[in-house]
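One chain, subunit A, links the two complexes that follow: it is found with subunit B in the first and with subunit C in the second.
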Partner chain A sequence: MHIPDGFIPLYQDVIYWIIAIIFISLALKWARNELNDEKLPLIAVLAAGIFAIQAMNIPIPFGTSGHMVGAALAAIVLGSPYAGVFVLTLVLIVQGVIFADGGITTMGANIINMGVVGGFVGYYGYTALMKVTDNTYASGFIAAWAACFIAALLCAVEMAVAGTFPLVAGLISMGLYHAIIGLLEGGITAVAIYLIATARPDLMEHSAGVSA
Partner chain B sequence: MIEDLFFIERQAYGKTFIHIMDARVKIIVSFAVIIAMVAMPYSPGVYLLGLVFFIFFFALWCASRLPFSDYLRRLLVTLPFGMFIIVFQIFFENSHYAVFHSLLDLPFGIHIYAESVEFASLLLVKFIVPVSFIILLSSTTRMQDLLAGAGKLGMPREFTLCIGMMVRYLFLFASTLEKIKNALETRCFDPFDRALPYRYRLRQMGYTIGTIFVRSYEQGERTYTCMLCRGYGVNHTVSPKLCGSHRLPEERCSSTVSPNRCGSDLPAPGKKLERSEWLCLCFSLLFVVASTVAVWWSM
Partner chain C sequence: MEQNQFVIAAIILALVIAVLAPFLASGNPDGLESAFFSMYGAKTVTGADLDEGQAGLAEEQVVETTGNTFEFEAPMPDYSIPGMDKAGEVTAIVAGTVLVLGLVWGAGRLIARPEQ
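On to the complex of A and B.
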């Protein structure tokens, strides 16, 4: 899902960067207000952990492998969509500049797809589902699946707007692939929430319903 | 990807003039090439500009005395998503061409179009050149130098602080991940072993990921507490006079520690660009701009 440089025209990259910067600024504001400026190191170390989590290859039933995005997990556990935005922004900067995974000019689009959509869909999907189902794990599973799936669809739309890949083919291929990868993201997120709620219930902002 | 972390950082500890050049010069030149390459319209001019920039990259890579096989190895890791889009491009019409001519007709009404093949090759060039310069940048610049350079170029303090800490702990989590993998292997657990039920494999991976999450959070808490113990704080500033009262060497106060920020920021040396670095920067930027304008003009 990491769009590389050259796949989106420069003027569109600028638009995505402006949108991403707005969300990054809001995430920074959240970090200052909610975490205190001095607790930023905590998020930085957590971002390193999310980076390691992303590096883990997880089997997919059809014989290939995938990896987690982690924005939904960070947003759900830390109790804010901006946590997902902040952590994924750090991760994507390091991935783009050091590992050449994702682009420099397209980083704005990647932050929107994985950080903003991942964080917001993950968090608000989770809180909305919690009100309906009152089941932490089912809510975490569906929210993380939706975050992965919607981010992939948005990625396909961006590529179509850029004229790089046709809309219908992009939506079908990206949608189908990430609908499957999303099951993995959802399953792992639900299990990880269970473990975190059991080992460190104080970390969970929404611990109601967790049978720790 | 994270397995390459130690390899990349070890490469960056070279002694060639490319390695020791100020990170700001390398960041500006790399980003200038990437922006120029991306800004070039999808036209045959991309081939020429891509060739010019790739020769430029190749000259710099040779000057850095790094094996070309290392570049190929790193390039291979970045390929999957980009190559997926490029390869499937040849089967579709796109908005950049008005007329499409079929090169090959396949069953189920699938065609390979000449224009789409051309567009796919343009995308490939636009993809390879920026990736090559990022590989060059990270292979010849230590991560902390990259960060210090980005900070001096105006990256917000919160980001330099957070990424600086993140980069330091990346190494810790890379080795933690390795230990976890070894522990799983020792217990004969292979997540790709189809003899094991899929739900069981998924649950184990979920526990492992949850463990890494909790470990990283707890590491963050410990780090934060340690920093507080050492006087870390946003509003905590240390003046040069205070440095003097603590009997710190005078040169440390004036050069390695920013006088108004040494309480909360990661210290970065305030080095100015040398004459040779200015020359490299000006020449490279002139080369990038001139070659882009020349190719654009010739289209």
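On to the complex of A and C.
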């Protein structure tokens, strides 16, 4: 759901950029306080893996494809929504500037949708679901699905404000596609949590500790 | 697993995904593009067929609607190297993966002051 440059009028892009910069500065503050020698390599390899897997578009029905976003995964594993904002901001800069995936003027909106919504829905969804289910994988799957789905609905609203899509038709088609793409997001998130929890149970204990 | 082992294993996994991605990735429009094309008559919401000509017109039409004519020449557009085939795509995605790894690690190293 990377919005290209032409899809949003410039004055609206400025507003999205301002909102994005507020969250980026909060994410930098988080990084300053939290990225110790243990978490720094983890967030770096997570970001690299998220970039690589984002490049792999998986076909879904309706002549469409989708890919992982990964902010929910980063937020869940590192125990803060700002981890998702931090990772996705840097990933989206590289994607936009080097690979023309997502616009430059629309990057603020993309950071809000994928980084901020992905990170916050992913993290708070996960912690809430952990209280109810006490199941890491189910909680991760559902939270990551919801992060993808809600980000897509917000994107549809932005498209409606931009005059690019009619609101209801946009919500229906974006919602339909991303309800399915979210299953990929949830599945890959659950598998990645499993791999990390198996290799480094100590890392997951810190972030899963929020359920205690 | 030790920290170094874990980091190396994760980097190798990321690079394996990066190398495989161009061979496995679908060329279908993504969710936003597909929604966009269906709004502008280049496909139906649930249909599989894309009208390439109409898709091109849609891209011109949306720029007229929003007035955002900003254009930017990215060095490796759509994860490819102009003039190169699959090898260029592999190179592009591997380069991007290494760049993101270095950028996040470097930015984190510069910013982080966890002791204070």
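Everything that follows uses one rule, which is that the second predicted complex is superposed on the first by the 184 of 212 C-alpha atoms of A that agree within 3 Å, B and C clash if a C-alpha of one lies under 4 Å from a C-alpha of the other, contacts with A are read in each partner's own complex, and residues count from 1 in each chain.
Simple rule for what comes next: contacts are C-beta pairs under 8 Å (C-beta built on N, C-alpha and C of every residue); 3 or more make two chains touch, one makes a residue touch a chain.
None of these values were measured; they are calculated from a predicted model.
A.B. asks: Have a look at where A:Leu26 lands relative to subunit B and subunit C in the superposition and call it first, second, both or neither.
C.D. replies: Neither subunit B nor subunit C is touched by A:Leu26.
A.B. asks: Does subunit B (first) or subunit C (second) touch A:Ile15, or do both, or does neither?
C.D. replies: A:Ile15 contacts neither subunit B nor subunit C.
A.B. asks: First (subunit B), second (subunit C), both or neither: which does A:Asp101 touch?
C.D. replies: Both partners.
A.B. asks: Regarding the shared-chain residue A:Glu34, is it in contact with subunit B (first), subunit C (second), both, or neither?
C.D. replies: second
A.B. asks: Tell me the contact category for A:Leu73 with respect to subunit B and subunit C: first, second, both or neither.
C.D. replies: It touches subunit B, and subunit C stays clear.
A.B. asks: Contact-wise, after the overlay, does A:Ala152 reach subunit B, subunit C, both or neither (first, second, both, neither)?
C.D. replies: second
A.B. asks: Which of the two partners, first being subunit B and second being subunit C, lies in contact with A:Tyr194: first, second, both, or neither?
C.D. replies: It touches subunit B, and subunit C stays clear.
A.B. asks: After superposition on the shared chain, which partner residues are touched by A:Leu184: those of subunit B (first), subunit C (second), both, or neither?
C.D. replies: A:Leu184: touches subunit B, not subunit C.
A.B. asks: Touch test for A:Leu176: subunit B only (first), subunit C only (second), both, or neither?
C.D. replies: The second partner, subunit C, only.
A.B. asks: Touching subunit B in one complex and subunit C in the other: list those residues of subunit A.
C.D. replies: 1-3, 5-7, 9-10, 13, 28, 31, 38, 40-53, 55-59, 61, 65, 90, 93-101, 103-105, 159, 163-166, 169, 173, 199-200
A.B. asks: Which positions of subunit C touch subunit A when the two form their complex?
C.D. replies: Going by the criterion above, the answer is residues 1, 3, 6-7, 9-11, 13-15, 17-18, 20-22, 24-32, 34-36, 38-39, 43, 45-50, 59, 62-63, 65-72, 74-79, 92-93, 96-101, 103-105, 107-109, 111-114.
A.B. asks: Within the complex, which stretch of subunit A touches subunit C?
C.D. replies: 1-3, 5-10, 13, 28, 31-36, 38, 40-53, 55-59, 61-67, 86-87, 90-91, 93-101, 103-105, 152, 155-156, 159, 162-166, 169-170, 172-174, 176-178, 181, 199-200
A.B. asks: Quick check: in the complex, which residue numbers of subunit A touch subunit B?
C.D. replies: 1-7, 9-10, 13, 28, 31, 37-59, 61, 65, 68, 73, 77, 90, 93-101, 103-105, 159, 163-166, 169, 173, 184, 187-196, 199-200, 203
A.B. asks: Given the complex with subunit A, which residues does subunit B contribute to the contact?
C.D. replies: Touching subunit A: residues 1-4, 8, 31, 34-35, 37-39, 42, 74, 77-78, 81-82, 85, 88-89, 92-96, 123, 125-127, 129-131, 134-135, 137-138, 143, 146, 156, 158-159, 161-167, 169-170, 172-174, 176-177, 191-192, 198, 201-203, 205-221, 223-224, 227-228, 232-234, 264 of subunit B.
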